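Two complexes are shown next, each including subunit A; its partner changes from subunit B in the first to subunit C in the second.
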Partner chain A sequence: MTPDYFLLLLTGLPYTFAVTGGALLIGALFGFPLLLVRRSKVTILRWTAVMLIAVIRSIPPIVWIFLIFFSIGTGVFPISPLSAALVGFGLIATANMAEIYRGALIAVHHGQTEAAQALNLSPFHTMWDVILPQMVRVCLPVAATYAIGLLKDAAIASTIGVPDLTYQGRHITQMTLQGLSVMGSVGIIYVLISLPIAWIARVTEAHIRKTVSL
Partner chain B sequence: MDQAASVRPDPSTATLPEDVSPLVRMRHLCKWFGEHEVLRDISLDVDSGEVLAIVGPSGSGKSTLLRCINLLEEPSAGSLNVGELTVEFDHPVKRRERKALRQQLGMVFQSFNLFPHMTVLENICLPQRRVLGRKRDEAEAVAKDLLEKVGLTDKAAAFPSNCSGGQQQRIAIARALALDPRVMLFDEPTSALDPELGLEVLSVMFSLAQSGMTMIVVTHEMSFAEKVSDRTLFMAEGKIVEAGPSADVIRRPQSERARRFFRAVNGL
Partner chain C sequence: MGATWSDVADWIEPLSRGFVLNLEITFITILLGFPGGFVLALLVERRSPWVRWPAMVIVEIGRGAPALVLLQFVYFGFPQIDLTLSSFASAIVALSVSTACYTSEIIRSGLAAVPKGQKEAAEALNFSSADSMRFVVFPQAAKISSPAMMGFSILILQSTTLCFTIALPEIASQAYEIGSTTFQYFPILSLTALFFIFVCVPASFLVGWFERRSEP
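The block that comes next holds the complex of A and B.
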């Protein structure tokens, strides 16, 4: 593979980062309100959230992407491939992050809430000062692992024409017919992105053992 | 026997005459968990400055009684009175009532429950700032003063995970005291600790009692109940079986149920 092609391959990187990072950001933001609805005292709200999370998670990402891009995107209002991918993966990440948050909330010792209540902290400050910081610590390694999964899923965006790493790989392969070196490079790049994220997961996990769980 | 009975007129309650106004007053408190009646018609008074020990077999409702006082559990019926505030449990407790009640109460748990992501100093300062609206400087001054009282000045910057159990419990006591409670509730504060570490905690509690703090202490430490508390309450099956001066209840229990319990505790 010539340097020119390699540079072309690298132009896919920003798109891969945009889809993965964008979806993760959407999920991290909207996952929390979804968790709150999921734990609402109002039964209908709670069940709506449960159903929503279950539906979002049981449909394969590729189906979601096609659904958004080819049905909504071509019908009601046109939508760019990148936007469709962000909406689709953002939706999926929201459901998954809500579940990750829920696991973290359960992992925070019940005595923490009780101590905060006994100290007369308001429900807001109990969440904000006591529970949330511990949840974040518990979440980090799980979320980092999830991010690696999302990074790989995000390659699906190439099928609707988002010019990401996988898209460029396939494109260059078709031009050069050098599948091994081109797709091999693509694979190596994915590994190189995943490694630091996996490292974050391990380091934060060790850190948590020290500062959260007792 | 007659004489002892006159000291303890009604063994099933521990109330003062109606015209005396205690700091904590409970009337006909009941607590159900589903079908299970855990507290049965509890009436109890605690005077200002009094140290009350609650003892009894496992599952008798001691923790539930304590948790009903600061509404970590909501009683199913009855009324509760702390200071000037009265809460009737014929309606769901209002947020305002809960706040006003907890404002007067400090609680210490068996498992310490310090906030693990904050330093010791932050643990003691945060509630003061959030609940009482104290400025950081003021909160830190209070915290340092209390840390000195519990003998842990050098731990201010440490994280709870770097403190021993006994130290953590003393910090938890300081954290509760920082909010100027009128009554301190203790739920088996030493039972998660080695005897030696438990002793440091007991000595802090002892000086707290000496300073005139009103305390309600659920405990398995009979020596603490006998030496430090003014009165001891023996509970079984959700009821107050005996109440009276600690030495009387522990040394000369009147009911068969209490005699059986204290025999078992003393390993006889």
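The block that comes next holds the complex of A and C.
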């Protein structure tokens, strides 16, 4: 593979980061309200959230983004491949982040809630000042692992024409017929990207562990 | 515009044919990938660095590279060394390798969770190390890892749809083809989604139930 082709391959990186980062942001934001519905005292609401999460996670990502790109995209709202990928992976990330938040919430000892109640803190302050800071610490490593998984799932965006790393790899393979070295490099680049994410997760976790005791 | 019920009835047959292919690949991948994961788990635990390091590199690359990239690496890359595999064979090779690498970590933590005393007791009873693994450690580790392995099996079924990119006539390819000829993308893709909902939602609840039951 010539340097020119390698540079072309790297032009896919911003798209890979955009899909991964965008979807993660959407998931981190909307996952929290979904968690609150999932833990609602109203049975119907709670079960709706349980089913919603199960259904979102049951449909393969490729079917999700086809559904969004081809059916909505060819219909009333023309949608770009990148936005379709962001909506699709954002949806999947929302369901997964809600489950990650739920795991973290369970991990925070219930004595914390009781103590906050005993101190007459409002439900809002119990959540905001007591539970949430501890939740962040518990869910950061899990969320980082999920981010690495999402990075790899985001490669699926290449199937609807988002010009990401995988898309460029396939494109160059078709031009040079050197799939072994081209797709091999693509694979190695993904491994290299996930290494610093894992490292950042470890460092932030150590930092938060120092500032928030658990 | 709009699909009628008779359209939907016509689509069931090709989609089912595709879905059978997804199930076949899932089954073969489990059959090859799980034992592969066990072997990798043992190799990574070996004391000799000549065995341990190559195994660790394989696991890290297999887990770090997207399954989609592995698929295209095998399907588009192997012909470069005069090894042309059919899309079915490529799917089996790529997904089995990916599965072996992922499950090796699940199996490794399962093996580590078996109390040390079990192995020591087997040693005290003069078990060979192979017998101690086979009769004492492995059965307990298998029980510990089984919920995670079942959960991973669901993910394998979902990842078989990636074979769309290597022209395998599985369910996503069938749906895409019908969609591109009829322009009824929404109904056909929703129907495809239903296939997965029918299988994966009950399966994931079952796994959740197993997980809760196996917790002490």
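The criterion applied here is as follows: the second predicted complex is superposed on the first by the 199 of 214 C-alpha atoms of A that agree within 3 Å, B and C clash if a C-alpha of one lies under 4 Å from a C-alpha of the other, contacts with A are read in each partner's own complex, and residues count from 1 in each chain.
Definition applied: a contact is a pair of C-beta atoms (placed from the backbone, for glycine too) under 8 Å apart; a residue touches a chain by one contact, two chains touch by 3 or more.
Values in this document were obtained by computation on a predicted structure and should not be read as measured data.
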| said: Quick check on the superposed pair: does A:122 touch subunit B, subunit C, both, or neither? Answer first, second, both or neither. | reply: first
| Is A:13 in contact with subunit B, with subunit C, with both, or with neither (first, second, both, neither)? | neither
| subunit B versus subunit C as contact partner of A:36, first or second or both or neither | neither
| query | Does the superposition put A:170 against subunit B (first), subunit C (second), both, or neither? | reply | second
| task | Compare subunit B and subunit C by how many residues of subunit A each one touches, and report the one with more. | result | C
| Which of subunit B and subunit C A:111 touches, first, second, both or neither | first
| said: Under the stated touch criterion, which partner chain does A:134 make contact with: subunit B (first), subunit C (second), both, or neither? | reply: first
| said: Between subunit B and subunit C, whom does A:197 touch in the aligned arrangement: first, second, both, or neither? | reply: neither
| Where on subunit A do subunit B and subunit C both make contact? | none
| subunit B to subunit A touching residues, read off their complex | 70, 72, 99, 102-103, 105-107, 109, 111, 113-117, 126-127, 130-131, 159-161, 172, 175-176, 179
| remark: In their shared complex, subunit A is touched by residues of subunit C numbered 60-61, 64-70, 72-73, 75-81, 158-159, 161-162, 164-165, 172, 175-176, 179, 183, 185-186, 189-190, 192-193, 196-197, 199-201, 204-205
| request: State the interface residues of subunit A toward subunit C in the complex, per the touch definition above. | output: 51, 54-55, 57-64, 66-67, 70-72, 74-75, 151-153, 155-156, 158-159, 166, 169-170, 173, 177-184, 186-188, 190-191, 194-195
| If you look only at subunit A, which of its residues touch subunit B in the complex? | 109, 111-112, 114-115, 117-122, 125, 129-130, 133-134, 137, 210-214
